[in-house]
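Each structure below appears as structure tokens.
Two complexes come next, and they have one chain in common, subunit A, joined by subunit B in the first and subunit C in the second.
For the complex of A and B:
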């Protein structure tokens, strides 16, 4: 989870871990990429990268844009998602949804919108992310990360 | 008792929250304890104030006493007003012994010689603060008691805190009277304003916790202790960056509570810098722009920006110099000469 609001990242991570599943996961929370190289040897394979953009903070968008440059191209075949948070607070929007959607198109990655301050939405988002992670890790037979993300993007356009 | 005085006392009592009326009347010490016992402080405020006015009538209150009640109210609710800070200067004379009676006499004389109709009230407090209330009139009108100015002066310091009334035209006279009474030669307004009088005092008297530059580059040991129940499946990758931010914050803002300011205002008098293709502002006039930051507690929220992931640390020195420079109103001009960068005017 790459984003600038650590508290929210922590809450989301905890919500994901609360969900029932039959595989082991580990969640890395970072403010930006690249990840510190000292810990490279401790990290397992990364299956999914979620960039969290706070719609109330231009700073978070800039942060994400800077981090994208450090992601290997292969990840963009379905293993990168943009999660736009804070959409519940309509009066405090600092970023245009257009800009984020363009970012999603430019990087061939789906954009999800949510409001993590609401527990119900947080749980629902956690469930979605868990499902996506399962697919990206290749644990769902017949479904590849790429095919799933194409599905996501096409349905978002409707 | 004068009708206007009665009305003024009635309205002053109405301002006070019901639970505090008795306490404030006791502080006022104009009505006896026996008289206060006769008032029912549990009824609606309208009735309470009527009963109080009645008692004041019995004691023949005049405007002078009513003004004292007003000072007491404003001393307790000082944060409702906006305060400006003024600094006085002597021309290098030795410190003279401060005589309160002499000060009051000179102040009153100076004001009254210029303006016949003024109400002047003094009240001293334990922290060596002298509170002055001035109600302003004209040669033909009685003073307007509802728009007074308040002055707070700590005699061992060259600083005066003024909450002016809307009638700003009386300010020069007020300032003059202050320097005459306190034996100073000049007075200037500082670019520092806030609702919190105590915070202004903290800033100019340097009572806030000073920030000391840390010479050891290593993070403080033992500050972030891992709780036993931390989930090992969640890994925070940028711990050292977070610690750096905390360290920088501590260096810049210090450890203690921040003075409470509501605004920081930056007036730009710089040229608009755009890429040549945009061709904006042919005439090359300074770009008039005012940037204002507001918050119930500005410095605390600035301090929280970097830890909350909303800004880089360290913040711009324009924001972090506020306490040290004792100002929250800035004018940013173009620096003339070799370096075309903008700088902050002194």
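For the complex of A and C:
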């Protein structure tokens, strides 16, 4: 999970870990990329990168944009998602949703909108992410990360 | 149905309503003991395009019972229904429907409340505070900074509220108006036209300048108020018009905002 709001990342990570599952997951929280290179050899395989953007903070968008440059191209074949939170408070928005959608298009990655500060939505989002992670890790037969992300993007356009 | 011919009748009805409310103990300003007179009038000067309907002005004035008959009435509260270049909305309205999406109020909140209640009871309308998002405020400050004024006397000021702190903290960022305008002039490509990109670049310049000096990322805070020589606007919908030449432009912006919040 890459994003500038550590508190929100923690809450989301906890919600994900509370979900029932039959596979092991580890969640790495970072405020930005690149990750420190000293630990490269210790790091497990990364199956999913979620970039978190808060619609109330222009800074969070800038942070994500800067971090994107450090992601290897292969990840953009279905292993990168943008998660936009704060959409419940339209009157507090500092960024245009159009700008985020354009970012998603530019990086061929789906954009998910949510409101992580609401527990119910946070839990639902955690469940979605867990399912996506399962697919990206290749644990769902017949579904590749790429085919799934294409499905996500096409349905979002509708 | 609202009819401009009946403005005098409406004024009378509203006056009676206010008197009744004051009897009940509502809409009373402390230390004020007087008759409230209501006047409704059409303001044909206050509109943008041909399609806009003329504004309707509501004025509450008082004449103290103690003072002589020919003394001037004191205006207690004014409100104005208007629509300035609201073509988007008026295009889709039936012919005889009066559409005035923006309401400007000046005066005590208690009078606004009473007047609002009467209009909502009598006509098919709803009053709601115009919330201005940080996103909209950045457009306003960029637009207004670019306006040419003879003598730039007031600074361009932005006020930010810092979230998630144990005690509330506001940051006020004031820029010399000539510097701000010079910056905007280097960014704006076509005079009379503003793009989202230009607004973003303008704000990014201001943010990075601030960050260089104070190591604070203003983009992570909430912009709550902007102030220029033309006008100032606060996220709670409090707007001050400071330059008559640009009044129409400011009202056009506010009309657009009002319409977007209706749709």
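To be clear about the criterion, the second predicted complex is superposed on the first by the 158 of 158 C-alpha atoms of A that agree within 3 Å, B and C clash if a C-alpha of one lies under 4 Å from a C-alpha of the other, contacts with A are read in each partner's own complex, and residues count from 1 in each chain.
Criterion: a contact is a pair of C-beta atoms (placed from the backbone, for glycine too) under 8 Å apart; a residue touches a chain by one contact, two chains touch by 3 or more.
Because the structure is a prediction, the values reported are computed rather than measured.
After superposition on subunit A, the partners subunit B and subunit C are seen to clash.
Legend: residue contacts after superposition of the two complexes on their common chain; A:119 is shown touching neither subunit B nor subunit C. Applying the stated contact rule after C-alpha superposition, one finds that A:17 touches subunit B and leaves subunit C untouched. More residues of subunit A are in touch with B than with the other of subunit B and subunit C.
Of the two partner chains placed by the overlay, only subunit B lies in contact with A:36; subunit C stays clear of it. Look at A:60: by the touch rule set out above, it reaches both subunit B and subunit C. By the document's definition of touching, of the two partners only subunit C reaches A:92; subunit B does not.
In the superposed pair of complexes, A:4 makes contact with subunit B and with subunit C alike. Residue contacts after overlaying the shared chain place A:105 against neither subunit B nor subunit C. On subunit A, the patch touched by subunit B and the patch touched by subunit C overlap at residues 4, 57, 59-60. The touching residues of subunit A, counted against subunit B in their complex, run 3-6, 10, 13-14, 17, 24-32, 35-36, 39, 57, 59-60. Contact residues on subunit C toward subunit A in their complex (touch as defined above): 131-135, 138, 163-164, 196, 203, 207, 217, 219-223, 235.
Interface of subunit B with subunit A (complex): residues 231, 233-238, 240-242, 308-311. Chain contact summary for the complex, subunit A toward subunit C: residues 4, 7, 56-60, 62, 90-96, 99.
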